[in-house]
Each structure stands twice: as structure tokens, then as C-alpha cells.
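Two complexes follow with subunit A in common, the first pairing it with subunit B and the second with subunit C.
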Partner chain A sequence: MDIKVNVRPADGETRVIDLVGEIDVYTSPAVKDAITQLIDEGHYHLLINLEGVRYIDSTGLGVLIGALKRVREHAGSVSLVCANPQIKKIFDITGLVKIFGIFETEQSAIKALA
Partner chain B sequence: MTVQQESESVNVVELRIPCKPEFVSVARLAVAGIANRLHFTVEEIEDVKLAVAEACTNCIQHSPHANEIVLTSEMAPEELRIVVRDNGGGRSGGEESAELGGGRLGIFLIRSLMDDVEYRRDEGAGLFLRMVKRVAGST
Partner chain C sequence: MLGEVKTTPSWRGEIPNRPEFVSTARHWIVAMSRHLGADAQTSADVEFAVGEALANAVEHGRRVGRGSRKIILRIRRTDDGHLVVEVVDSGAAFDFGRHGTRPDEEYHTPRGFGIFLMRELMDEVHYEHRRAGNVVRLIKRIPIAEEHAS
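Right, the complex of A and B next:
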């Protein structure tokens, strides 16, 4: 099991982070490192694409919450792209759906951020 | 992994994994196979996988002296009963002490996804977490 992390620019100041694989206690440090590096470089508007993620647990959620806390100190944002119903369910039952912008497609997320 | 038949209608599977992050996926895969033997939906199997992974993660993050996690799954006709234990020792305590260290989100998820949950930290033993998932339609 592994996680693949790819970072690319989107329109404007936003950086897209593509994640592919499973995010758990073993793989979440790699996700955290990538996000921390982006924030340290001054990128405060992040779009995290979870379309390729098959599984996420509380450690993965913790990484996303940590990222949101950090970018908000700089008036930034974290938006998520997620269409997987099982993963959306996790955001629903934890109430995180209320603090993250969650979009069905990357296109709709970018349109909303513009 | 050991399998035994406790009674005619209950099969027991015990899995021992090292208390290390890279083995949580092994526990997830094993419990998915076990849950698949009962009449759970795909969504319910995903719930059980996540709950077991959260329990293992709790052991890894909050039992620094543990080196082994033991998962015991009892497959009854209408429910799956899972006990997750570690050998981390430590002081005894109820749910409050089991949550110490910031694991509340994980415990919250387990409670949300499973039907019954009981957990505690036993004196000199370690974390004990028992959870039950009932097959939909059973009473």
C-alpha cells in the first residue's frame, strides 16, 4: 500500500495536490510533508484532489484539518475534490463537510474558487 | 492468523500484527475478508474496515510500549464481534484515559460506524476495545 502525491499549479494562486492511494497512519506523514512544504513556500490556497483516494482514516483527516488551520492564519483556504461516497460519508459524520469546501469535480472547485 | 470454531454457529479468527503503522493495512484487509463471510453490504464492510483501522491506530499512537496488536473476530450468524487489544501496559483507566493523546476523532468514528463499542485501558495489560457490527435486519 502506498500513497502518490503530485503537486501542480492551478489558476491564480491555487496549488492542486493530487493524492492517489490510501491515507492512513502509515501514509499520512507523506501527505503532511507535501502540504507543509507548500505552506512553508507561501502557498495558502490549496485544492486537494481526493478522486484517486480509495480510503482515508482519522490520521488523514487530521492532516487536512492541520492544513486548514495553518492556511487560515494567512487568510488561505483548503478545498477538496471528492466523489467517493464512502469518503464523503466520513466527512459527513465527522462534521468536516461544514468546514471544508467539498466539490464533486476539480472543474467545479476551480470555478467556485475563481 | 488462527481460526477456530467456538460453537456450531460462531467461528473465531485471531490475528496478531506488530504494533507498527505499516501493518494496519494488513488488519484492514483481513477484517474485510472476515466481514465478507457474513451478509454485510459493501458499505458495512467498509465501516468495519475503518473501525478496525482506527482501533489499531489508537494502539500505535497511544501505546508507545506496545509491540503487538491482537485482533479477535467472532463471526456469529447475525453479528461480527471484534476485540482489539495491545500489550502496551500502562495505568488502568476508563474511556477518558483511553482517549488521551488526541485520539477522539478515531474513537468518534468507531462509535459512529459500529453498533456497540466498549473500550478501556487495563492495568498492566493495555488497550482493550470491543466492538460489534450487526447484520442489517437482525435484532
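Right, the complex of A and C next:
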């Protein structure tokens, strides 16, 4: 299983990163590279859409946390779109639900970020 | 809990110890767990926990320069209704007991974050280092399926 990464602009300063596939020890470097490139280009408000993701492991969670730490140095933010109950369960268990803005839909995320 | 409990036949699989094979192994575990009677939720928990054990196996194998070695998976169901999965790699021993915490308030992700997830998702997690390598044993009670409970 691979991961597909697509980056597109949203309203305002936010960039949306669409991820489709599984994020694990094999695929998370590709996710990290895409996020790192965006941050290096000066995009500090990221909306990561996980609607097409059915699996994420601690490696992938580490990438998300790393992104959050970096953008916060620039007063930025990382929000997540996630409706998959198993992945939401992982965010609950790890306590990450408290540090990321997590939204059911992209529409609700963009509305909240506006 | 395993003691003298009889088990149904078990299945064994193996993959090269390389990250690109981890997904295949996870999917195989899900298929086998469903075959052994696990419901969708239990299978999902098992997949996420086994995925962490596999990621550890890949990382440890790499650290000792043994990336080409294999990872062995075993899965079985005990007669008392537990799913038992073993992930065996040939990497160096590590201190399983000292790991296993969630990210702290500063969002530091400690090594062993995956072990924390395994312990949260499974009923029991055991680790031992044998001559052949690391053995992580994950145990999860299989709930009675709804169609059988009603």
C-alpha cells in the first residue's frame, strides 16, 4: 500500500494536504517530505485531510506532531480532517485530540479556521 | 493465561524485514483475525497494534544492520476466546519495559510511543528476547459476535 499526497490552496493562508492510503513506517517519509517542503516555503497554516486514510501508526503520528511543533514556531497551526472512527480512537488514546484541531469534514474545518 | 489452554490451529507467515512489506503483513493479520472469528473492531485494534510491533521490528532490524532479515508472524485463537499474535524479528534486544508513554505536554514523542499504543489497544502485551531475536506477543479477547449474542 502506498500513500498519495496532494497539496492545494484553501481559503486565505491555509494549504490543504490530501492524503490517501496508509501512513506507516514505509510511507510516512513521503508525508514528512511534503509537509517539510510546505513549511520551508513559508506555509504555516496546514489542514491535513485524512479522509482517505484508513491506517496511521506512531511513525505517522510523529510526523504530524513534528509539523505542529515547527509551525507553532511561526504562530502557525495544523488542523486535521478525520472521520474514520479507528483513527479518531488513536488520537483519543494518545491524547493528540487535545493538541490538534480535528474536524469531521473539510468544510467545517475551513469554516472554523476562517 | 495461556497455560494449558488448548488452541485451534495456528498460522504462520513471514516477510522480509523491510518497511515496504509491513503493510502486506498487517493486511494478512486482519484477514486471519477475521477468519478466526474476530469482529471488525477487534480486527482493527489488532491491526493497529501489530502495525506498531512490525514498525519496531523494522527499526530494530535496521539499527543492527540486519535489514535483510525476516519478520515472522504467528496468529492463533485459544479455546477460551483470545486472539494471540506473535511478531518475531532478529534484531538486538531492547528495553521494552522502559518504553511506552504517550507524547508529553511539550509534544515530545518518546521512543516507545508505539509500545504505548500496543498496550492501550490490546489486553496483554508481552516481550521477550530469545536467541532468535525479539518476540512481541499481543493478546486480545475476541468479543462474542453480535449475531451469536442475540
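Side notes on the structure shown:
Rule of thumb we're sticking to: the second predicted complex is superposed on the first by the 114 of 114 C-alpha atoms of A that agree within 3 Å, B and C clash if a C-alpha of one lies under 4 Å from a C-alpha of the other, contacts with A are read in each partner's own complex, and residues count from 1 in each chain.
In this text, a contact is a pair of C-beta atoms (placed from the backbone, for glycine too) under 8 Å apart; a residue touches a chain by one contact, two chains touch by 3 or more.
No experiment lies behind these values; they were computed from the predicted model shown.
When both complexes are overlaid on subunit A, subunit B and subunit C end up clashing with each other.
Contacts of A:58 after superposition on the shared chain: both subunit B and subunit C are touched.
Ranked by how many residues of subunit A each touches, subunit B and subunit C are led by C.
With both structures placed on the common chain, the touch criterion links A:90 to subunit B and to subunit C.
In the superposition on chain A, A:22 contacts both subunit B and subunit C.
Once the two complexes are overlaid on the shared chain, A:68 sits against subunit C while remaining clear of subunit B. In the superposition on chain A, subunit A positions 1, 22, 24-26, 55, 57-59, 61-62, 86, 90, 93-94 are in contact with subunit B in one complex as well as with subunit C in the other. Put simply, subunit B touches subunit A in their complex at residues 21-22, 24-25, 28, 43, 46, 49-50, 53-54, 56-57, 60-61, 103, 105-106, 108-109, 112-113.
Against subunit A, the residues of subunit C that register as touching in their complex are 19-20, 22-23, 26-27, 44, 47-48, 51-52, 54-55, 58-59, 102-103, 107, 109, 113-114, 116-117, 120-121.
Taken together, the subunit A residues at the contact with subunit C in this complex read 1, 22, 24-26, 55, 57-59, 61-62, 65-66, 68-69, 86, 90, 93-96, 99. Subunit A meets subunit B in the complex at residues 1, 22, 24-26, 55, 57-59, 61-62, 86, 89-90, 93-94.
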